[in-house]
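Okay, so chain A shows up in both of these, paired with chain B first and chain C after.
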Partner chain A sequence: MLISFGETYLLVIDEKYSREDFLDSFKAESGSWGEFFANRLFSCLFGNTTNLQEEYELFYKEEYADFSIFLEKYHGFNEEVITIITEHSGSMILYGNYGSEGDYDTSQLIEYNEDVIESINEILTQGAKDENQN
Partner chain B sequence: MWIQIAIIILGFLASRYSNKFLDQLAKKSLSYNLFSKVKSWAKKLPSVACLNPGSIFINPFEPIQSCDGLSIITIKQQIYRAKLPSQMDWFNALIERYKYIIETNPDTQKFYKLDRPEAEQFLNSLATNLHETCLRDEKLLKTDLISRFYGCNFITHEALEKHLIEFNKRQIASHKKTAKYIPDIFVENHDAKEICRFFLYPRFFWGKFLWNIKKLNFSFLNHLLKLVGIDEFNINGRLGTNDEYSFSNSGETVDSINKTLTDKVECLEKLRNEKLDNLKTVVKPDRLELAREIWYHIRSAAYRNSCNLLEIQKQLDAITKRLVLITSRAGRGKTNFLCDLVDNVIAKRGIPAVFFNAKEMEHNSENLIAFLHKKILPITFETPQECFDVIRAFCQKENHYFTIIIDALNEVNNTALFSSKLEEFISDLLKHDYIKIILSCRTEYIEYRFNNLKSQFEGTLVSIENLELSDCDKDTMLEKYKIFFNISANFYGNAYYTLTGDPLMLRFYCETYGDPSCDTVKDLGAVGHVDKTDLFHNYLDSKIESIVLSDRQGSGVNVGFRKQFIDALMNVISSMIDNKCYGNVRIDNIDAAHLRSINRLLREGMLLRKDIIKGTNPLDDCLDVLNFTYDEFRDYLIANYLIHEIWKKDQKDKFAEFVDSLVETKELGTVSESRVVYYPSVIAEGVGRFIIQIAKQNKLDDLESEYKTAIWYEQVRLDAIFTLDENYISEEDIHYVKDSFMSGVDVSSIIIWELWHRKNSEQFTKLNMEILYSVLRDLTAKQYSTLVNPVFENYMSGRAYARRKNHFTWEIDKLSRMFSNFLSKKPKQQDIKIFEFLIFLFSIPSRNYHSPALDVYDEFIADYPEVAIEQLVANYKIKHLNILLHIVKKLMKLKTKYDIPDFKEIVQYVINKVIDVDENEYNKEHLIRVYYPVFVELNELDDSIFTKEQKTFIDNLKSKVVILDFKTLHSMDEA
Partner chain C sequence: MKIRTDFVTNSSSTNFIIISSEELQQDQFAKFLGFTKKSPFWKHIEEAIYELFRDMSEAGDFTSDRYYSNAYTEFEDFSKKTFSEETYKKILKARKEGKKIYYGRFRSEDPKFLSFFCTDSILIENDDIYFDAIECGW
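Presenting the complex of A and B:
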């Protein structure tokens, strides 16, 4: 699931989710422009992201009594977002910033564009379904 | 009888434990050689049974195998008879006994010269066993034992740790007590705190640094580089180090990583700055064409990745640097930030540090090292080196830096003397490679009084110059303040920006209108505006009341006491006005009668502060001076004094003289042709604004004539109007706002912003968005292009970006998005009025030359058609004919489903406007082309809608439009 807020976003996905899953769900032909675009989209979303749970466990456990306090105080998430994150405690939560790799074309395509975000969510959900079926 | 039996049992147990304990000592604590030696010394000692009620300890290093319970009791009984029980501190005797064994031996020094960790281990073990035996606090016992053995200059690591924790706890508690630190209202500044974490705890955050490096992803950049045949970018296998960080062995590793990062950033900067003309030297000829096409993307990717690397390099910098200097303006939360750092990072992570206020050091400025030792260690040393040895051993054991945190350098009285002493002190400390320092100071003091620190320690300094919160964190802060001070309020518009933008003002506001100790929540309703005259008046009252109540322990506030404080403050203000100097009021200029009140206000710290400055004469001593902590509050008091103490007391000349003095002059031009320019003085903006406001609030019409001709008046009038309570705004003020709008985009942008924040027309009944709409309706397209369009242009436009520095901007894309989001939340009927504003933005294009305001308004029409009709009809007399065209189009569309009041009248008005259009203002050809299809459609919709003359006009247009279209097409074909 992609949750977008302005220039930043959260990806709530299965720990095993991979580039291949994303490309499979995208259903682009091998060697096509679609595949090229899917790759670029994946890099734009998943590159330079922070695994929040890992960050907390490794570096901030001593300071913040629990994960939700860490999300509130360290990352400044509001209650609504914290609820979504804690509801998906079994998933991997990646936190990213659009355009952090410098791919402004792709990031501008996603940022503030609810239709694109919805489509990406369909792709991510499809990937998750396939994962469960396997 | 029972007592005797109890003693027998106790004695027996004690003997058992002592034997066990001595065995343990032999096995674990001391090295074998030392233990044997001590044992042999002990054998030579005489019995000390008579001194020792616990006779089992007659010879502690010699287990008493033959001893049975009875014999022990006998000895104990003898002692009990011989000495009073109160004198039998058997624990002390026991310790003395151990000490005696060691000290009486000629090889004593060997014990003392043992490695401290080894000796410590022995003594710790001894303490553990003694603790089991005599049930005293084990940690206390260790400290006691060790200090007895080593004299007074030894402290265990545990004791040192405990001492530091307790010390810092006390410091934090005192800040909490004086409400300088309120954890409940504190919001973290993410970036500043993160840098401090890396600085304070390099060993641990070295891991985070490497983790951050591993996260870096250059795939997009490398994909582009591959396309143009340039080698891929990487950072040497992610710098290939997982070594543990330590201050003693990290130098080379860090230097090498830092150099790699710097080289890589340079490499990215080179890619970013590469000129298109020069690409042939960078890429192969067969890729040149493609490279030119995509170089823009390579630049963007290189820029973003270099930013990422620089961010990480900052963390490395914090790991290696030894001094952090935190600067910000007054009331921006430096002390809160440091308290939180000590409370939540240092304490929780067990980082050795000591935290205190610079003021505490001031009396010891002659020997700051001695002062520091006293703070750090609970014991005294003969030389500073001994103290540093203890700290070094402690730091080495834990692989920690020892951090000294000194808050509020600006609060020191004698800053001139202190700054040089502090510089020496820091230089001395930094000679010890395990010590780091954090300082905090107000920005202006760093510039004028502690600038030596910046220049002297530039190479090892990390500057944190901004404790500003993000917009999201500001919201959190506001909510926390409301909860803590028991306030319920919906802050919006100017009030929201004033309070979230200035934490000190927020504190003033909440302390004035809220109460943390109250059981009930005070409901302030919707607050769109902070009336500062009212706020400062009430704040002063509440502050004085709390001072008097705390001093008189709740015996009631007497009017006389209040007057004493007011008179004292007025005395300071009077001195400022007499000397035309609004800072650094010499304390010897204050009447002696007011000094007590002044000192009390200084102790409170929120209103006044004391500084020391150097006298003007080089032979003069330093001078004690007073300043107000908050300049706007000073301006409020000056304005009050001028009106109530000067103008009202018939000193009109003095008042006029002061009003004229709020101007400064500057000579411009060449020597032969110079001219003098007058502009408002530094305090004119504040004082002038409060004079206008107080005059209006008190209906002092006579006073208005005194300042209306002043040079500063026009420059502060607009600000005064917008910060005035709505009740005092006059028709003349509204006209002034409307007229000012026309003066230029720098003013029109401010008026748009201010009126936007007064959109609640129920609260702002006079000066609200209706005023803005009435102004906008009367603007021609030409006026729009200079007064309105630049405010909403997107920054991507180069020209707009160049101009936007001089005025406030609000990108149309962002504004439209905000409206769209608001609409998606299904706003209440009373909140949808604001969508009318979009009508006036129909002509402003977004980045893709489309009008986002039109799109959002279409969404609004779909949800609230009746309201939209009302709004569109209300604005059909707008002068901007392009906007009018959109209004008509939308009404035409709505006409198919809804009844539009006065539709015919509107249409006829519109066509007449086009017929009579001023050709100097509009391109008539263009206008006809865009309006013609609308007129035709309207005519088809209702044949009776136009008059005969108007129909003739449309018919004439028909031929013009066709000819125009044909001409265009023809020219296009030819091309």
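Presenting the complex of A and C:
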């Protein structure tokens, strides 16, 4: 799922989630501008993110007693967000900043439109449903 | 000392042209862009296409278009000064062949995909439709 906080966001996603999963769920015609756009959307979201678990394990494990405290004290996430993250401990938690990948136009389309974020979540959760059915 | 509490935005617009072999339909244009009704993004592109079709005009109506007619004497003048040489040649050819030519503009304050079309550089074509919205891309 995509959780948006203004200029930044979290992606709570299966570690095996791929560009192909995203494109399959986006359902644009192959070779079309729609598919080109879907690729840009994926790159914009996944292209320049920080894996929070890895960040904690590699750099902050000694400084913060546990992952939840790190999320609260270092990143400033509130209790609700920390609960979502810790409830999905088997998933990959990616932290990103809209536009940091360099695609201003696509990042603006996502950042300022709640209903676009809803559609992205529909795509991301569709991938998860398909995986469970398989 | 003066303190400003408001802000100035730098709004922008992009002119576009669509050339079509026949009268263009909304679902045809959605298919041209490659969006299917099964896509979670369908509702966004459908809304954008609806507004695009509502606001765009045909080349034949150019001289009565108050927004453009102050700056350009006729459609050919607008086309030559606004679009690339390649697109201008396609427009001239399309006119000779009796194809449909639509024009309009996107604004950066338009919602969602229309704003995206304004700030991005879009050039898409197939055998039946040519869509150029490159001019003034950010």
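Here are some notes:
Keep in mind that, in the parts below, the second predicted complex is superposed on the first by the 134 of 134 C-alpha atoms of A that agree within 3 Å, B and C clash if a C-alpha of one lies under 4 Å from a C-alpha of the other, contacts with A are read in each partner's own complex, and residues count from 1 in each chain.
As a working rule, contacts are C-beta pairs under 8 Å (C-beta built on N, C-alpha and C of every residue); 3 or more make two chains touch, one makes a residue touch a chain.
Predicted, not measured: the structure shown is a model, and the values here were computed from it.
Contacts of A:S4 after superposition on the shared chain: neither chain B nor chain C is touched.
Once the two complexes are laid over each other on the shared chain, residue contacts for A:Y104 go to chain B and to chain C alike.
In the overlay built on the shared chain, the residue A:K73 is in contact with chain B alone; chain C does not reach it. Touch criterion not met for A:Q53: it reaches neither chain B nor chain C. When the two complexes are overlaid on their common chain A, residue A:E122 makes contact with chain C while staying clear of chain B. Of the two partner chains placed by the overlay, only chain C lies in contact with A:W33; chain B stays clear of it. Comparing which residues of chain A touch chain B with which touch chain C, the overlap comprises 104-105. By the touch criterion given at the top, residues 25-29, 31-36, 38, 104-106, 108-109, 113, 115-116, 119-120, 122-123, 126 of chain A touch chain C in their complex. The touching residues of chain B, counted against chain A in their complex, run 188, 190, 204-205, 207-208, 211, 215-221, 223, 297, 300-305, 308, 344-345, 348-349, 470, 472-473, 476, 817.
Interface of chain A with chain B (complex): residues 40, 43-44, 47-50, 55, 58-59, 62-63, 73-76, 78, 99-105, 112. Those residues of chain C that touch chain A in the complex are listed here as 31, 33-36, 38-41, 43-45, 111-113, 115-116, 119-120, 122, 124, 138.
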